[in-house]
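Structures follow.
Across the two complexes that follow, chain A remains constant while its partner is chain B and subsequently chain C.
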Partner chain A sequence: MEHAQYIIDSTQEIFSSMIMLEVTPGQPYERAHEPLRNSISGIIGLAGSTKGLLAIHLPNSAALAVTTAFLGMEVEEIDDDVRDAIGELANMVAGNLKSALDPSGSDIKLSMPSAVHGEEYSIDCLANSQTVTVPFSFNGDNFLVELQFRQD
Partner chain B sequence: MGRTVLIVDDSNTMRKIVSRSLRQAGLDFDTILEAGDGQEALDVLGGNKVDIILSDINMPNMNGLEFLKAKSENAAIKDIPVIMISTETGADIIDEAKSYGAKGAIKKPFTPEMINETLGALL
Partner chain C sequence: MEFAKKIVETTEEIFSTMIFMDVSPEPALEEGKQVLDCHVSAMIGLTGSISAMLSIHCPEATGLAIAGGMLGMELEEIDADVKDALGEIANMMAGGLKERFSTEDIDLELAIPTTVTGKSYTISAPKDSRRVVIPFSIEQGQFFVEIKYNLM
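This part shows the complex of A and B:
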């Protein structure tokens, strides 16, 4: 569960320093979660010595609260600002994870951020990959940070 | 004449956050210009006097390292200081950025204090 601690540390740092929200981690688990419903996911692909993806999954209400705090302006619907903000969140978590796993910066490549939004969906990238999922909560909302990876 | 900063990042959100952080850091720029990738940044630099550039690395079309290289080959703009602001702050990447003239790097996530500390020495 080394990766879970990296996810917890980087997620808490990002939320406290840039979004001014204190988030509380729950118990990490390994299996992928149930299909996501009425949510938005920010996704970063990983390539190189560690392959897979890093994703942050937020229910719509949590995504609106996070984006409102991030931008310092009220956001009321899932729009381009929300997709961009959630993608950038995933980018920062993945960047911190990469720094921990690959201090030189040469062994792991990160993709551009992308975002998926829908009523019901799942995200899977690799066969035979390990999965680490960390639940977080803040102000009555919750979200997941998930790492699917395989190290060659 | 007032100072001008150019913020280069493909994320509209991050450009807003950097702009806000500059104000919170007490760094008053009269003009804040924005570009969504390295090529857009070169276009902006072609038509504006810019005092300092804050650039992401991981961007589409022309990334931050490609932008630095192109800028270093243009005599008219090569001396404008650039600070990288990125999740990509591995030693190899930062060494490459510095080889193209970057003056420093700030890791995302960042605070206004980190912005002030890094930019204050260059302004």
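This part shows the complex of A and C:
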């Protein structure tokens, strides 16, 4: 499916150019709604001709590794720097994805990113949206990039 | 822009016309103060002349009461019905805010509502964003309406 390829391209590009990490995509799938545990998620809304939500779900250890690489400084716990970095990561991946979904640049707008962090939580998008989830791995850590969307 | 006033007006309007429930607004919380002990949050992105995220945060008892009021049924746990109902309320409130802003020539588009549920989670916005949180009380307890925004 083309959205999975957009997710893969955007994620690899942002990780290699902004975070200096090479990430390897796995097989795209449709994730069952099991809760996320000990994780942090960067989320950002899409409005316009494609409406939806882009989310990056990282287990705490992956979030620390990504933030350390991104900020170029060692981080050891999920603090404000990590929350900010993961929100910004969702923002960058969504920005890249937007240019694939919307080449003219005027049909889709991004909302403000947020970061959700906790021991156990679920994030669900409503209203008949489709979901595509792509797993990625790097240096023994894993994370998911998920697009929930509806095209009007 | 009077975010606080718009939130209070919109919340009172949606609750009285769609959920048939009286809500009492309380003074806005101070900047940076955390909203604690919530078990279900519904959020929706707004974009356009400002970039924002509107959220409704509910402890379990108020989340069940509000969703139950909207659906006209007794609800006992935070399930898909509760998430759908609160997501729809967030959607209607964002619609109400959009209308109020449009009278000031501030145009906004809505993303899709998303819910976050769990035993323990925090939701954070980018460091440079501004934030208004208004607590409301109903018979079953308090809930919080929050808007985080950046002027563009």
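Everything that follows uses one rule, which is that the second predicted complex is superposed on the first by the 149 of 152 C-alpha atoms of A that agree within 3 Å, B and C clash if a C-alpha of one lies under 4 Å from a C-alpha of the other, contacts with A are read in each partner's own complex, and residues count from 1 in each chain.
Convention: contacts are C-beta pairs under 8 Å (C-beta built on N, C-alpha and C of every residue); 3 or more make two chains touch, one makes a residue touch a chain.
Note that the structure is predicted; figures quoted are calculated from it, not measured.
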First, second, both or neither for A:Met18, with chain B first and chain C second: first
When both partners are placed on the shared chain, which of chain B and chain C touches more of chain A: C
Touched partner set for A:Pro103, first chain B, second chain C, both or neither: first
Partner chain(s) touched by A:Gln148 [first = chain B, second = chain C, both, neither]: second
Which superposed partner A:Asn60 touches (first chain B, second chain C, both, neither): neither
Contacts of A:Leu71 with chain B and chain C, given as first, second, both or neither: first
Chain B versus chain C as contact partner of A:Glu88, first or second or both or neither: both
Partner chain in contact with A:Gln5 - chain B first, chain C second, else both or neither: neither
Chain B versus chain C as contact partner of A:His117, first or second or both or neither: second
Chain A residues contacted in one complex by chain B, in the other by chain C: 80, 84, 87-88, 110, 112-113
Chain A to chain B touching residues, read off their complex: 13-14, 17-18, 67, 70-72, 80-81, 84-85, 87-88, 91-92, 94-96, 98-99, 102-106, 110, 112-113
Chain A - residues contacting chain C, complex: 35, 43-48, 51-53, 80, 83-84, 87-88, 109-127, 129, 148-150
For the chain C and chain A complex, residues of the former touching the latter: 43-48, 51-53, 83-84, 87-88, 91, 109-127, 129, 148-150
Chain B to chain A touching residues, read off their complex: 10-14, 16-17, 20, 58-60, 86-94, 107-111
